[in-house]
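Please find one structure pasted underneath; my questions will follow.
Note that the chains take the letters A, B, C, D, E, F, G and H in the order they are written out, and that residue 1 is the start of every chain.
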Amino acid sequence: MKNLEVLPLISGVCCILGGLGVVLHTNPINKIIMLALLEIGMIGLIVSSYYLDIAIISSICEPICTIILLLGYMKYLTTIKKKKKFGRDLPVLSK
Amino acid sequence: MISSIIGQLFGIVPFGDIVFGFSEFSIIGFVVALIFTIVVYLTKPEKQLEAQKFRVEDKLEVVSLEELKIRRMMAIVCGIATAGAMLTYDLFDYALFLTLVGIANIGIVSAVKKDWVLNASYQYGLIAMIATLPLFGSAGMILAKTGTLSLFELPKIPTSLLFEKIIFAAGMAGETGIAPFYASKAEMFRAPGSPYILMIHLSSLLLIVRTVEILLTI
Amino acid sequence: MDLVQYILYLGYALLIIGTLGAILGPKVEDPLIRFLNVEVPSIGVALIFLTYDEDLALMTFIAVNAILSLILIRALILKEKYESE
Amino acid sequence: MDILEIVIGAVALLMTLRIFLERSRARKLLYLCCLSFCISALIALYVKSPMGGITAIVYFITSTLSSNAIAYTIEQTKHIE
Amino acid sequence: MDSSIINVVNLTIHAFLVGSLLLGLHRKIIARIQGRPGPPIIQYLLHTIKFYVKEITFPITAGNPLYIFVALLDVSVWLTALIIAIDLKSSLLIIIGIYVLQKIVEHGCGLSSGSPYGKIGGVRSVFSAAAEVPLFAVVAAIYLTTHSVLISDILNYQSIHGSLLFKMPICAFAFFILLVSKAPNSPFGIVKGKDIVSGYMTEHYGLLASIIYIAEAIAYFALLWIFIAVFIGPWVVSHPLITLAVMVGLTVILAFVNGLTPLLAPHHSVMLQMTIAGLVLCDVLYRLIMGG
Amino acid sequence: MKKLGKIWNYLSKPEVVPRIFSIFIALIFVFGLLMPHYLNPDQLYPKPVPHSQTLKTPLAPYDRGGVPLKVPAKLKSQYPQYEPDLGMITAYLTPVANWIKDKTYYFGTTIVSTPGGILDEILYYTRGMDTVLESSILLISFIIFSWMFFNKD
Amino acid sequence: MENIIYSLYHPTMIIGFSVGILSLLAIGFQKDDLHALILADVVECAMLVIIAGVGTDLAEALILPGLVVSLAELLAVSEVLITRKHIQSKNHDSKKFKLFEEFKLPLHTGELKYDIEMEVLKTSPKFFAIILIVYGAILSGFTGGAVIATGLLFYALSQRVLGLNISDDVKTLWEGMAGLSGVAWAFWIFGFLGFFLFPKYWLVCLLMSGLGLVIKVGSKLGLVGYIGEVK
Amino acid sequence: MDLFNLNLAIVLFIIGNFVGLEYSYRRYTTPYTEKKIDKIALILSVVGGLLINTPLYVVGCFLIGFPLGMRPGYGRIEFVVGGIIALLTYLLLNSY
């Protein structure tokens, strides 16, 4: 660990904690936040290897990925809720 | 060495590192695949007379025109891919041909709008996705071990490739659907539209033979 | 330990953590949660590409990963939708 | 390794830990924002070239966007769960 | 054997006649086992001739020209097999390819007619192809032993080292199972089981049926020849009369096997054959590991 | 025997097949864990040591030598006799790439990815058939996707 | 300096194999279809790791087809799954969806708290799409195609989520580009063959194939987003 | 004996079968018989069994095919006798 700079070190911590966080959290939004943390770590590592073009591309793709996940989550949640509501209604009707 | 398996080698067509070879074996396979492709192109699908539940009269099942078009196109792609797979003498290229055939097979049946056909097609697609791991993985491992992918060079290298060969065979088994993994593929064959379905069968069987040849060669 | 191995071991760690998480993690019976866990190994793969200097592959992988997640999320939503109908 | 980097690094480390340990979702987001500021500063410091600056700017903008989207979703889904 | 055209024609006629007679004999023996007098042994030939002079009918549901093409393909496939195996003594792999084409013919025959029985026959031929093609793992074992898959090389090897039947009994058994599944009334004959009328060729009638019959006679001859050549040895195939005698013997054995066993259910047939193929694979692995 | 028959029947359901197949592959792969893996040093198209070109050349990490349009890069290919222009594509840079190259050290990937560079050499020239296949695979899957999307009913 | 990839090959293989084994076993004990599809994605990761371990330029050239194959198969197989679920579902509503309209949120039904759209979707997509398209055009090849496709898809998604129609200018442009896609394919093939038929003009061939592939892949993948708008 | 001659013999054998079938269908009407020997068939069979080991083996094949080809239930004993004679002759000729 002699010749490591601050950026790769922080990025590594971000990666590990982000990875653990994505797995351990159960709420999708927490997971997405942790995923953002993970991607921050990845971008930091890419920058610390001096590949700046890839860093730019991945930092552009990161919000795209996040937004897709968020939209999907919201839609998924509303669908599930609708299903549960109907599910609760049905026994009442059958009485 | 190599001629004791495939017979005489008549000539090669080099595309850079990937070389297409014409041996006794591959010419026969190539011609057969092409002939079948032409026949499939010319053939109109058969109609099926099916009994119905709770009804007296039978129903004539006809493949509709747009379904026919897409399926015919997929069958032709499948045939051309099979013909190409017969000729190629590069391991990774062959694996890609296998995947192309696999995906064209999914395309041939997925146009049928029936629950059980789609189910079988989905399961087959899943197998095809899983099978890319052993196929490409073994190609990569062979590259790592020997430093080449060409089927003309591989027999000259005296390295034992037993494990890689087994993985490659397993990948092929999944992609082409031999027993005991045949079930999902066999269910697909019950769909109407015989000429296109025939193409699935033809491609998988020819590819099995070709794989045996490759595995014996390297 | 220089940067290469550092990144490589991070990649290994993420691959293993992510795979285990995708298989055994908490509440993975929910497809969305499982899908989010699957993103972790893919980042691990990206790090391994970075180690081996396979930069074009890395760039493609990052771009393709966004498309992949779009496709999978779409499948997930539509499946839920059709099942609830 | 100069003192500036170490300070920013310490802040970033702290933020990372707090993101991981924090229970409240809104605060997590806050710390995430802070962390991304830190990281963009570190990027600019690490790459000693104008290109590093450009990268840091791009990264800064995009991380703001994703935080914005997450904040919106948190607010929308708060009462459903 | 030099491969002049006259010789090839001669061989074809020989194969057709001998194959037909052997199939007739097969039928007669099974009838005797079941306690019936059975038809004369030229019955198969008579069938062929009878169908040959009848007119062709096309079902309204059939998909042409595949419907006609498969029948023609069947005979051409086995003629190719005959020439490649017996005349040129070329690669066994090509023979597998040809066997595979035969499976495709069965499948196409069944599906192109549009008849439900034919369709089931075709689908079952897919099942059986999935099981029978792995049996060709035998070729790998042979390759590991003789270091060649050309039939001429295998014959040379046997003339020096003796017959392969005793060196690789498992492989010989697997190939024998292949023969059993190709013979009529076999336990593995799910393709032409009596529960689906006559399987894939239910709708093929007249000239087309006779062409398929001819092809099957040639196929029977060719497969028997390959078994004899590969496993028993060059001295048998050196003289046509001895070959004929051994073929008659094999036919008797096959008839007894087929006459005394029940037809298996489709999936069971597939899996049983797969189990045998698995045995062969184990044998191949053993040879690989022992051989280096 | 009856049990065996039941197992055989179970195996023939399409839903079961992917699962059986994956378990089968997993069992085979276990041997891969136990095997020693080694890399043959005699590889085609070798790469320099990872991260060794950073900040030394503007084309990092894809600098394989050669002067654009004049001297081909030195590559180790499978069949050099079939490739008369081997190495020229690696050494070629488009005007855009040349322009970027003079400005900065950090955009190697972009420079190499514009037509020219080692990967284009491999993907288009020496192993072009692979690329034909991969793009046709994409084409086919896209056709399947769009057809099914349009004809859902 | 001894190249590090030789000593790292064994651990990389081990990791690749263990990821493969774990995910395959997980598929093996999985009953649900969708879960199996998601886990198949992990299997693809294992494949990429195993190929990447070789660590040469050739290995990198093999990774790209591997990526494409996994993307393509996922695209086709997921659509098969969706169609199957659609057929299984009881009431076929005859109303046809446009693509990505399933992401549109029900903002006025009371399930969500506020009936406002996501702010980011209004401002960023055009910007992102332009950057990605321009950059992808510079990159060319399959990489550029994927980058372009990401931008286009994001733009289409945002427009659909907001319930907007894509403006006519873009549509016309897009129609032209989709038509160009076939031409680009032909370009690519001719470029590839040209290398071997006319080795003198390799430079033209190179540009032809690189640009052909970028247009082809970008438009094909991006076209996913505009399906239904463009005939 | 080359393949062509063998073919000739087989063709004649088949013709013999066919003639036998035709003959027996014209001669007998009952489907099955027991312990009844057709004299013509027996004679032909014995002659065929003798001839089959001579250069006239082609004719021998024709003749021995005659009883074998008779309709179901006929010609068994005749064929067996002919076959045994043929075998005995063969052994006799090749024993020294």
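Just so it is clear, contacts are C-beta pairs under 8 Å (C-beta built on N, C-alpha and C of every residue); 3 or more make two chains touch, one makes a residue touch a chain.
Keep in mind the model is a prediction, meaning the values are calculated, not measured.
When chain centres are defined as mean Cα coordinates, H lies farthest from chain F. Across the two interfaces under comparison, A-D and D-F, the one joined by more C-beta contacts turns out to be A-D. Greatest Cα centroid separation from chain G: this falls to H.
In this assembly, the C-alpha centroid of chain B lies 50 Å from the C-alpha centroid of chain D.
Centre-to-centre separation of chain B and chain C, using mean CA positions: 30 Å. Each chain gets one centre point, the mean of its Cα atoms, and the points for chain B and chain F are 22 Å apart.
Counting partners per residue, chain H has no residue that reaches two or more other chains.
In chain E, the residues touching two or more other chains are 270-271. For chain A, residues touching at least two other chains, in rising order: 20, 32, 48-54, 57, 60-61, 63-64, 67-68, 70-75, 78, 81-82.
Of all possible chain pairs, the ones that touch are A-C, A-D, A-F, A-G, B-E, B-F, B-G, C-F, C-G, D-F, D-G, E-F, E-H, F-G. Interface residues of chain C facing chain F in the complex, by the touch rule stated above, are 3-4, 51-53, 55-56, 59.
Those residues of chain F that touch chain C in the shared complex are 47, 50-51, 61-62, 108-109, 112-113, 119. Considering their complex, residues 4-5, 8, 12, 15-16, 18-20, 22-23, 31, 34-35, 38, 41-42, 44-45, 48-49, 51-54, 56-57, 59-61, 63-64, 66-68, 70-72, 74-79, 81-83, 85 of chain C touch chain G.
Here chain G touches chain B in the complex through residues 9, 13, 16, 20, 24, 27, 33, 36-37, 40, 43-44, 46-47, 50-51, 53-54, 58-59, 62, 65-66, 69-70, 72-74, 76-77, 79-81, 83-84, 87-88, 192, 195-196, going by the rule given at the top.
Partner chain B is touched in their complex by these residues of chain E: 60-67, 69, 90-91, 93-94, 96-97, 100-101, 103-104, 107-108, 111-116, 119, 122-123, 126-127, 129-131, 133-134, 136, 139-140, 143, 147-150, 153, 270-271, 273-274, 277, 288-289, 292.
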